[in-house]
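For reference, the structure is listed below as structure tokens.
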């Protein structure tokens, strides 16, 4: 960056955040496109049949709600991290890009899981789902390594938040890797680890931003 | 939140609003994807046949316009509420998330209603539609309970607006529940209640923000 | 609006603009979803056949480019109008909502026109296309009537721009209505009027914002 | 622009950036809609079959990742260019519009390439892909010519960055044209030129913004 820009006080990350917010918002909204109005034949048209048809879509509802809150939680983390940053460079843009690629991808393995969880192919679906989060956890780790460098930090950055986040995020990739391996043995163990980690990320961000 | 951030004057809700605006904007725009160019066979190709084919799509037009103004109204309310708030925390993010989940979902029951209103399955479709608004009204109530807490309020918050909004929003869940029950008896009663409530939300927000 | 908010200097239209920008941006980007990769049978697979298949999609390209620049031009007008406004109220939100409904709808009649222009049903398609712009022109007129009221105007509003815009926009609805009627007689006259008006809106906004 | 607006210090490009960010964000997120959950018959349902079905989608993954990082890189360039600009006019809006048209279009030739690269029609697909970038490079050149005019430049604009960018962007159109011609002779040469240019744009923007 050239001299004259270096001294301007404005937050450089504004457009990075706006762009990322856009990607998060779209990824979270596209989920609804999965839901299709059930088609009934006119001979069998009755309130009970439509009710059953709507209930039979439960795997799509589960996928929708799971993906929605997963992406929302990632947005809250992204938001909390960038609060401590006021400058950007090429590395942060690249790490953020990898993260956003993962965010837009999450609905796909979730759909695969919702479709194949009640079938004999459940193991592959669960491994694909957990495997995606190995990638996501790795991207998040890359992202904080890029974001929490001295020259990029905001003067109001919280040293405590940074230390805690760096510590917490290190557990992500190995634990999701464990979930991926478990999927090949028992699907329930894999999903239990993923759920436990989701709760962990939700409580840790609540605690860390409150501290 | 750590000490140093506590004293900065900037509006913390900026990114929450940007993200929510994105979700509202996308949900309102995706509605158009429902409309498909009618396919005519080349033998029957004439201005009159195309005209009829376009007119036959009226349930999609009704669904489009209804969903559009419903989401728009929810955006106006969301906007008016957050004007009184200048800080965020995990609970507000969570309540806002539930609200946005509902916003992205609204086009789906609207499509179901538009498809099945002229059929024998209308009762289920109307109950599904009203039932979605029980959820929405509950989310909005959750959202103002989270937003209108002392530590989050902006110094310029309007006590009158907050009191009126808290009062009005309490009627939402029970009245929409009534609409859902009525749907099983008479579809018209259910839709009448929903329409009356829509008009109520539109006039109340106009009055409350003007007061 | 309560007393204390009345005196704050910040631009109230910020969120209205952000939301509208989102809708414009999504409407303009969804156009690409119309384009589908052509499917070739493996027996006829050759560079020449793929080339022909891509060229045969020209009506989709025409629809894409026409819709794109139409929505872009509406965004430029929307942008130029709101530059003169610094306050919002329920009427402006409603007028803006109608305008955005039109913006999201434009790609649909454009697709209908692109599909049926080379067929015997061209007259209906052209009337549907021009008719949409009667609605759009009416919405734009409604929008400037709502936006250019005394209490909403920004202190830096340009009286010249407002007068010129109010004058120009009055011609919109009757001229597009003329185009709609002409479509039933001769499609080319209708499209000529639409194209001439597009050029008029493009040059008038360039002149008015430069003046 | 009228007198009174001329003196206000605020960055006029804010809404142009917000709108463009929206288009970039949506274009980059829509890519995922290409991926469809594979459909297995219940007779052949097994973890191995689902695994194979997911692996067989590799051309879609390649197209997704390629398009994603191509659009991301264009966003980084767009961002770096507009940092030096603080005023807008009709020409900049038009040039920006052409650029955004290209951005929304990129996923389409990428899909065509991913579909037809392993077939006999590869040459046309590669020429279509490279040809799109001739258009993009030309739009980017148009965009910097519009953006880097004296009256639009920000007081903090970097003369070094502008000179380097103007120099670098001149090579774009002829080199992509070369890639398009090569595609008709040998697909690999064409893709090699495109990849080399991608790396060039990534390193040049990193160097230029750091300098």
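The chains carry the letters A, B, C and D, assigned in the order they are written, with residues numbered from 1 in each.
The rule we apply is simple: a residue touches a chain if its C-beta (ideal position, glycine included) is under 8 Å from a C-beta of that chain, and two chains touch if they have at least 3 such contacts.
Values in this document were obtained by computation on a predicted structure and should not be read as measured data.
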When chain A is superposed on chain B by its C-alpha atoms, the rotation angle in degrees, nearest 5: 90
Interface composition of copies chain C and chain D: same or different, split at half: different
Approximate Å spacing (C-alpha centroids) for the pair chain B, chain C: 25
Distance between the centres, which are taken as Cα means, of chain C and chain A, whole angstrom: 35
Contacts with two or more other chains, residues of chain A listed in rising order: 18, 21-22, 25-26, 30, 33
Interfacial residue positions of chain C with respect to chain D in the complex: 17-18, 21-22, 24-26, 28-33, 35, 37-38, 40, 42, 45-51, 54, 64-65, 68-69, 72, 75-76, 79, 83, 156-158, 160-161, 205-206, 209-211
Partner chain B, residues of chain C touching it in the complex: 1-2, 4-5, 8, 15, 18-23, 25-27, 30, 33, 89-90, 93, 97, 100-101, 104-105, 107-108, 111-112, 115-116, 119-125, 128, 184
